[in-house]
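Next, two complexes with chain A in common: one pairs it with chain B, the other with chain C.
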Partner chain A sequence: MSISLASQSPSITRKYATTFSVAISDRLTYRTDFLFATLMRFLPLVSIAFLWTAIFEGSGATRIAGFTQGEMVAYNLMVFISRAFSSMPGLAIGIASDIRDGQIKKYLTQPVDMISFLFVTRLAHKLVYYLLALAPFGLVIFLCRDFFPPSPTPAIWFWFIVSLAFSFVIGFMFEATIGLIAFWTLEVTSLSYLTMSVVYVLSGHMFPLDLLPPAVAEFLRWLPFQYLAYFPAKLFLLGNQMSVEMLTFEIARMIGWTLALVTLVRVLFARGLRRYSAFGG
Partner chain B sequence: MSESIFVPPSTTRYLKLYACFIRYCFVRELGFRFNFIARSVTGVGWLLLLVFYFDLIFGKTNSIGDWNREEYYFLMGTWFVLYGLVETLFLANCTRFSELVRTGQLDFLLTKPIDAQFLASLERIDWAELPSVLFGLGLTVYATYAGDLPITPSRAVGFLLLIGCGVAILYSFMISLASISVWIVRTQSLHELWFYIVQFGRYPSEIYGEGGLGIGIRFVMLYLIPVMLAINVPARFAVKVIDPWMVAYMVFIACLLLFASRRFFYFSLDRYRSASS
Partner chain C sequence: MPIVEVNDLAKTYRVAQKKKVGVLGSLQQLFSPEYKTVSAVQGLSFQIDEGEMVAFLGPNGAGKTTTLKMLSGLIYPTAGTARVMTFVPWERRDDYRRQFSLVMGQKNQLWWDLPARESFRLHRDIYGLDPSFFTKTHDSLVELLRVSHLIDQPVRELSLGERMKMELVAALLHQPRVLFLDEPTIGLDVVAQTQIRDFLREHNRERGVTTLLTSHYMRDVESLCRRAIIINHGRLIYDGTLDGIVAKFTRFKTVKLQFAGEVPTDLAAYAPVHDSRGSTAYLRLERNQVASILAQILDRYAVDDVTVDEVPLEEVIADFFQSADQAASLLPRTAS
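Now for the complex of A and B:
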């Protein structure tokens, strides 16, 4: 059914371009106390800056886990930026509830691909978010400028921006995976709460992975989560200490994980749909 | 008007009623057992993570401010107990109050023959947060033994009483925030802001240092919005040198805030205009 409709529909680009612009205007409706709400989320950073000052004073060291005092505070700020790209609030639960209460039908009977539709919608939401968040983020970075090491080289800047783009894709695919599990089990809400705290630690959002014992940190670098927060932040702050081979390897691993997760989502979605049509009413 | 409305308030009546709330909420939770367990486990899981984080930090340093590892754990335990109690007893009620104002359902609460503040602040008990309180208590006990902290029975009693004062301080602010919803209908961001402000208080007050910003934060959080007072003073009382003036001040401020927030609550009720039907 959906195949025959798709053949009559306008071009794929136009279809998703419309989706994109609708999502943008949807997002701009709720901009009122956005500035206030965004600035508020940076408040814990003030305590974190003081906390790490006290920790460095207590230890007498100039570097902890490879970070200077300033870099440690800057790291805590940089993960806000990576998470602004990689976090997908409500995506997993949204997909799960669409599957559970049958809303998924609205995608199946229309000539759109559900995952692409959600992806484009998210992209639009994120772009509007960055546009609006530029002011508060800029203000906070300006206030924290003394914590940052000198600006990285153009090459590092380039790979930093690329890694943020990939963190968006990896974040989306991971959350979509969790949501699609709803085809098999109904208890996705508690699962997604659980993954939230797991991701918080494993992505390096809570603290830089280097703080962990080296073997554990190395293991975590093999998982996709580090690209959600840790990798872009570390690259930006300490990228000039990274060898070209190391950087190439990390980028390759990141692309590898992205492809793997995209494939996983595709397979889960295809299999889930088969299962859904078998049981759904 | 039926006679029952004019029954004089008696303590036993209120206690009996509160026992009913406790039972009712517990039964409610048991209706969704899996959800209850999942929430309890996630709640304690977050706290475990925090302890783990500071365990890593104390692998790199011996002290934060003038707090060593075990003393710091004691402070964290104090924070978990305090905030856990507030979440168990009051948080759901205070957020619900804003909702009652918005929908006009507050009318039904006001017409009941019982103290409005009692009903508005205590009707819901969030049992899933209780494990966090127990975890916090366990952490303070562990820290006491592991660090050989100088806690005597009298200090322990004082500590618990001061925790009570701390809960009173946090509660007073929360019920006042909820009261504001009579004027501002959407107070979601206000509640969120409050959450972030409380976060300032969970660290030792010493870390804020002697710089201008640090002194400013400490002054505000100790005297104007005394969340730092609420968390730091009980822990200091238990494990550090006792500062009698700070303790006296905390008891005083807790009583003052309870009184002031009650006045403010009733002041806001006077301005409540219900929702048009």
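Now for the complex of A and C:
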């Protein structure tokens, strides 16, 4: 054997650390275009703020589904932040095109795990995004500071950050699942667009789940989508109204979904590869 | 012990068939798909010794790429066995993946927007290479291919030939013992083709990498390989020296005649004229008739010079590939 296996685990860390650093350089190539795209994404927020102002004024209510007008604007901002962690533009379609065009060969002939590689690459992309978006984000939140309730407790802050990290993992695994379906169907573009609009509603991105009939809202809380947008936002804004039991339960359910989705991706990947190796290439 | 050993390897694909065109046909395909079985490789056996450079030839669709994919572990065979070094390729063990490389002329492994240097650095750590081992290999490859001035330029700005050279560096950084090259010079200009060919020859001489090469350019094959394996319809039809191909696949020799004056118009009465330019004519004569027909021609016309040659490999292969369908049923299926 030409390569010693003794230093196996440090070499694995190193493998993905380098992947991370190369992916960062890659992402920084197009920073100008990227910055511009980031700024453009704030535009819909303005129209959403106007929309809710109109709704509140039209109905004459001071609270809708437990949210004041200000909290509703703050909710939309927080959902925007959650989605910055959990949305994975191009991941599913990218995996599908790797499978279809045969770029997947690169992962199969080299000593590297495709899912870990994509995960680390995406982590790097997100990091670059946060660095670039930090200033405009900060500015918007500063301008909207009056809409926010008092800052949450340190404990809530902690769980909020944890929930953002999990929303990244859940978002990644969900999109990867859609992408891996391409092992069977080759094309996932329409499926990907379909799930995008479904997620928009089910994750609470479009409006807080509390607006829905209680039974429906409760059902949706059992699905993983709420952790992509609704849960971190609600936790940040109304976490102090949440009981410890409720919070523990939500965190446990979130971890449960994460493990389930990681397992699902692993199983789909292994089965898909077996199918690919048997039928295609 | 051979380093590559293939025994009765077979691969059958199931290909979806869409019989009717248009939306209706697509719908029918969606609900009751029809499949056709395609035998891409049928009972292929061969062995390659360590350090050999073997040409793997055959017309399009003969099963070359399918075979290379099985040997690289991308796909499983339907039947048969293969062993490369001590490994079964399609188990995709990391120990195996650290010791071979697959280079496909039409596939890009480098990061498009980054300088090749970054991709090389990633390769170093993906393969877990020792830094000094990496630097030594890297420097010698980059020097041999004369691309040291290009490694800091984004890959997207490189020409096709330069990119292919970078692909080769990346593929060889971990010093694989076995190399599968699928059309490495496809689409390149003559200069780049020559440079890559020279590099591969030199690299093989220095490192003794066992190489299986497919190429449509006979120049590549002639300058790199002494042995060729030819397959068609997934079956082995030739395994032997390059020179042997000419003897086996053509009954003809080329005869070049230099006449004193113009090429006589009734020359065709003796043999079909393959080509004729000014006072020079090229004939294709059956090997066993060369002497007698040539005697008749020399007897009748004023000929200044005569050259008798083998048909060039390129033409033999081209003729063979063109008539591959008929040939496959006529030629004996030898396995030597």
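Note that in this section the second predicted complex is superposed on the first by the 266 of 281 C-alpha atoms of A that agree within 3 Å, B and C clash if a C-alpha of one lies under 4 Å from a C-alpha of the other, contacts with A are read in each partner's own complex, and residues count from 1 in each chain.
Keep this in mind: a contact is a pair of C-beta atoms (placed from the backbone, for glycine too) under 8 Å apart; a residue touches a chain by one contact, two chains touch by 3 or more.
Since this is a predicted model, take the numbers as computed values, not measurements.
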item	value
Which superposed partner A:215 touches (first chain B, second chain C, both, neither)	neither
Partner chain(s) touched by A:244 [first = chain B, second = chain C, both, neither]	neither
Which of chain B and chain C A:14 touches, first, second, both or neither	second
Contacts of A:50 with chain B and chain C, given as first, second, both or neither	first
Which of chain B and chain C A:26 touches, first, second, both or neither	second
Partner chain(s) touched by A:109 [first = chain B, second = chain C, both, neither]	second
Residues of chain A at both interfaces, chain B in one complex, chain C in the other	none
Interface residues, chain C side, partner chain A - complex	13-14, 66, 69, 72-76, 90, 92, 94-95, 97-102, 104, 107, 109, 111, 113-114, 118-119, 121-122, 124-128, 154, 175, 177
Residue ranges of chain A touching chain B (in the complex, touch as defined)	33, 36-37, 40-41, 43-44, 46-47, 50-51, 53-56, 58-59, 61, 64-65, 187, 190, 193-194, 197, 200-201, 206-207, 211-212
Complex contacts: residues of chain A adjacent to chain C	1-3, 5, 7, 11, 14-15, 17-19, 22, 25-26, 29-30, 102-103, 105-106, 108-112, 276-281
Complex contacts: residues of chain B adjacent to chain A	34-35, 38, 42, 45-46, 49, 53, 56-57, 60-65, 189, 192-193, 196-197, 199-200, 203-204, 206-209, 213-214, 217
